[in-house]
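Letters A, B, C, D and E name the chains as they come in the text, with residue numbers starting at 1 for each one.
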């Protein structure tokens, strides 16, 4: 199945949920609306001829330039991308799915952007989503146990955000 | 020498000394056990008390019983106890305080019982001390004199078999206490009474029957304990009517 | 130091046995802990045992119990072990059902 | 020895001699454990090193690193003695002493050569096994008293393991008792004197099998790999030893090595003739020659130590080769394999002995087993001979007194004799002094 | 038995109190600073929850502030037992982004180095697994051989643990003269020694008792939890990135003959020389995971022998490392390689504005492998926990990054 056919099929089935398709990139990717990610992923996993049953990685890229001067020159507006790398053990194929999110929910700093959790589809997503939440500050709704995983429970902030600042001190340990 | 009472040690009866030593250990730890409220410490004190008791049993000359006490009582029972303690090792159960009323009542009853028993124990004058040494010595002297007289009369230098048989157990008693007790106990358990041969001829089977009963009893107890220790939780399971019958 | 030069008699052993016995009884009466009571029972049996062995010893009385005393002591030891096993099992069962080993709370007869 | 020392002191003070003898013997036995532990730890390190393709200690004390354990010991002594906050102070502090005391007490009845024994009990074997079983008590107390969950696990495992393995161990040691007809360890070993074919290991095929069961159970009851569940470092950190440091920790180790030696020594006595080597030295020694007997005993002592140490070495070898079993496997191994095999061998040996079936023992019989009697019987035989002489002398004197001398004199001499004999009557003595 | 009641009573064992036990972060068998919270009922573990992060060093955050070549030393410190493989993964990902073509000689050099380090890593995995089960000696045997590998790697790059040898563009240096002979000598000596390891562990009765049918993981479960490497193949999934991966990675191994180590019809490729699968073992248990690792060592030896031949005949050079400040094109590249512990993925995102990536992400294999632990450790014994965790062969440096 060529890339085009595959995209057509997805668009036919999910309509507007598939927001954007990029076939020219090094790793071709499709963008999904946040609301449709669970549905799409379940389809990708279960469809007989796709079988993307292996979730390699879930990570978040923060498109943000803290330096105002440089920020003016960037080609993108600030946003978060949740990137799902999938592959199929059976057909040896890979796929990248992206979800674009605002950096803060409703533009209010401190309010985490939300995306539905796919931990019900791939169990491995459980820990990957915890890590994404911990480091990049994305709230995965419907996750069974969304807690920090690498940082301590009481850590403040999301280190992989570009505007993250190391706390001045943590339990008496100097941070900066 | 009389100025230093302790130096009278030359006359000290060492049997007595060791008796007092072990009995103080036994009683002291038994008391500590009652006073202590921590279950594990209680078990610890109990073990020491029991071990000292086995020392007391050794002092009466019953080596086999003493070793048995050490092995079964101290080794077995207390490990079982500690198991129980560990299964329920929670702070709330480790120490449970007793009401003062209980203590007073128990002490009154216990104290009077102790007074009574001690009174009884010391009421028989013959029991207050032991004339074992004197008795044995008299026996030995008598036997020897008799034999010497016989030998002198017959003008011989060797003992007859009957005389040797008479002297041997006496000598064993003098040197070793009751060394033959272990085999006597063993034989008694399988039904042969060496110490009272006349019982055999009367058709008594020694302690064979009790021994067997105890063995079966132990088996039953083991099975029973294993069964009891499994708890039956009555979970109300929905079963079809037909199955219940 | 007079008492150290005298040989001990049967009475002394009986007194120790009585002391252990009474301690055991007091222990049984005062402990609220099932295991504590069990230990009291052990102590009582132990005190009785001393009496058996003392009466059996030729060191104290001429007409001693002899073998009978020793064998009885043996039986007591063995049966005490058996008794401990059963009592421990009961205590465990009780703990399983009531989540406590406090005997004062054992006021019902069903398991 | 006690009799010898007691002659140094005036009448009535001979207890000082016994005390002296007792102290000397206690010190000697203590050295068996203390020096034994030092040697064994060094040996363990060297053996482990060689097994693992490395050298082990090489520098401390010149060649071979033979002072390594001493250096370790000094380090341990100077270490801070820590106690966790949640520990039960009394039990935590006492536990190592209890373990060591149990291990040490068992040595009291373990003979090292013919007649060279702390106390010659006629229930020595029973005593040793009973006391060895008490060592677990210290471990349980340590496990509970440390106030650490890992220690508690270790203590519980140890309790379960030792209680289960006492059963097959008991069955195993009963068989030599059955064949020898005594529980006196000295007698059991003396009965095996002569060529190596006289060893009980070669008594019948069941004994050969039984020894391996005994050794397995022995390893399990002294808590060595592959049964070292109580201190399994990959599971329980260090089990009951987790919270211990410094001298208390090393006391546990001394107890462990002491019991290892005890179990292998017992194996040597029960199955491999104890001090009776492949060469029948004790046969060539003429009866009653004190110097030669002592020399033979010295050789026998070396022989016995060699056998016991060999057993310890095998234990080390096993430890550094095999992975560790799991607790349920350890218990099921005891109940499913050790107990049935031991019971089967027990029955087999009983039948073999009862039917007088020949085996390797009878290839070159050196002496009849029944000739060697328990210690007290032998002693009384000797005493009887002396008594016979004395009585004969007195009878002779009596005769001559009647014929010639004044009768009064004989009477007094008799009385004096009686006074002498008072000393014979047992004021039961400190047992170690015999 | 007409009267026998058929219902109502369910017998359970002695009810004891549950206990929460911390296994780690300072526990001998958790391979570093892993902390497992065990909920135990006596010896039975009813629940095991891994707590990680004790070795978190913000590698990804650092990667967002360094150029790709500068980040190479940080990849070394992820799976510090297989630093070369980490280097390789990151180098390939960067090369994928900048579309760099590798000279042939550099290709074979990378195979040799990566496979050699795979052996070293599996040796540690094997040795520490023996340690977890209470057998100390195999550990030292393994380290004895690993020492020689480290010597070889030191000759090649000057470092013994954190190599920073393979870089985007090739390697920092060619292999020194005479190195291949040394390697051949090592392989000849090492291959027969493997039988010792099998005797001490794989085929040992106690070892089989401790590992067979313990921590059984089905193929579906392994895939669902994103397990990879020997853990995945130990469950019978025929998937190895060296064969099934992206073209950029598989092309390294083009021309090499090797079989993926996975059980087919009850036997493994090349297992005729080695102990057979014991009857107790179930596909997906600890024993199989361990055995796959052991056979991969043999596989790596085969690959090395082929690589030596190919390398000595290859043309071209060992590649030139890219410049420190090479400008990265706009775009993103994700690439996974087959590391000893599983599939290690690197993700690099650049917005085209300079030589520093916008995002550098490392997808850890152990991270996913460890996430199965709570499933596997349910209702096992305490002694099984080290056996299971050990069979996953985790390295905390890689999990916590």
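Going forward, a residue touches a chain if its C-beta (ideal position, glycine included) is under 8 Å from a C-beta of that chain, and two chains touch if they have at least 3 such contacts.
Source: prediction; values computed, not measured.
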item	value
Chain whose Cα mean lies nearest the overall Cα mean	D
Leading chain pair when contacts are tallied as C-beta pairs	B-C
Intercentroid distance (Cα basis), chain C paired with chain A, Å	72
Chain B and chain D: spacing of chain centres that average the CA atoms, whole Å	24
Whole-Å separation of chain centres (CA-atom averages), chain D against chain E	51
Centroid distance [mean C-alpha coordinates] between chain E and chain C, Å	62
Sequence positions of chain E contacting 2 or more other chains	14-15
Residues of chain A whose C-beta touches two or more other chains	none
Chain D, residues touching no fewer than two other chains	156, 427
Interface residues, chain B side, partner chain C - complex	5-6, 8, 11-13, 15-17, 19-20, 23, 26-27, 30-31, 33-34, 39, 42-43, 46, 49-50, 53, 56-57, 60-62, 64-65, 68-69, 72-73, 76-77, 80-81, 83-85, 87-88, 92-93, 96-98, 102-103, 105-107, 109-111, 113-114, 117-118, 120-122, 124, 126-130, 132-133, 135, 173, 177-178, 181, 184-185, 188-189, 193, 195-196, 207, 210, 214, 217-218, 221-222, 224-229, 231-232
Residues on chain D engaged by chain E in the complex (per definition of touch)	48, 51-54, 149-150, 153, 156-157, 225-226, 228-229, 232-237, 320-329
Residues of chain A touching chain E in the complex	25-27, 53-57, 59, 61-63, 70, 73-76, 83, 85, 89, 92, 94, 96, 122-124, 126-128, 131, 135, 148-152, 159-160, 162
Touching residues (chain side chain E, partner chain A) in the complex	52-53, 56, 58, 60-61, 64, 96-97, 99, 221, 223-226, 237, 239, 244, 246, 330-334, 336, 343, 345, 347, 349, 351-353, 358-359, 361, 363, 367-368, 371, 400-401
Chain B-touching residues of chain D, taken from the complex the two chains share	12-13, 15, 88, 90-91, 94, 121-123, 126-127, 129-131, 133-134, 136-137, 140-141, 144-145, 152, 155-156, 159-160, 162-163, 166, 183, 374, 376, 379-380, 383-384, 387-388, 391-392, 394-396, 398-399, 402, 414, 418, 421-422, 424-430
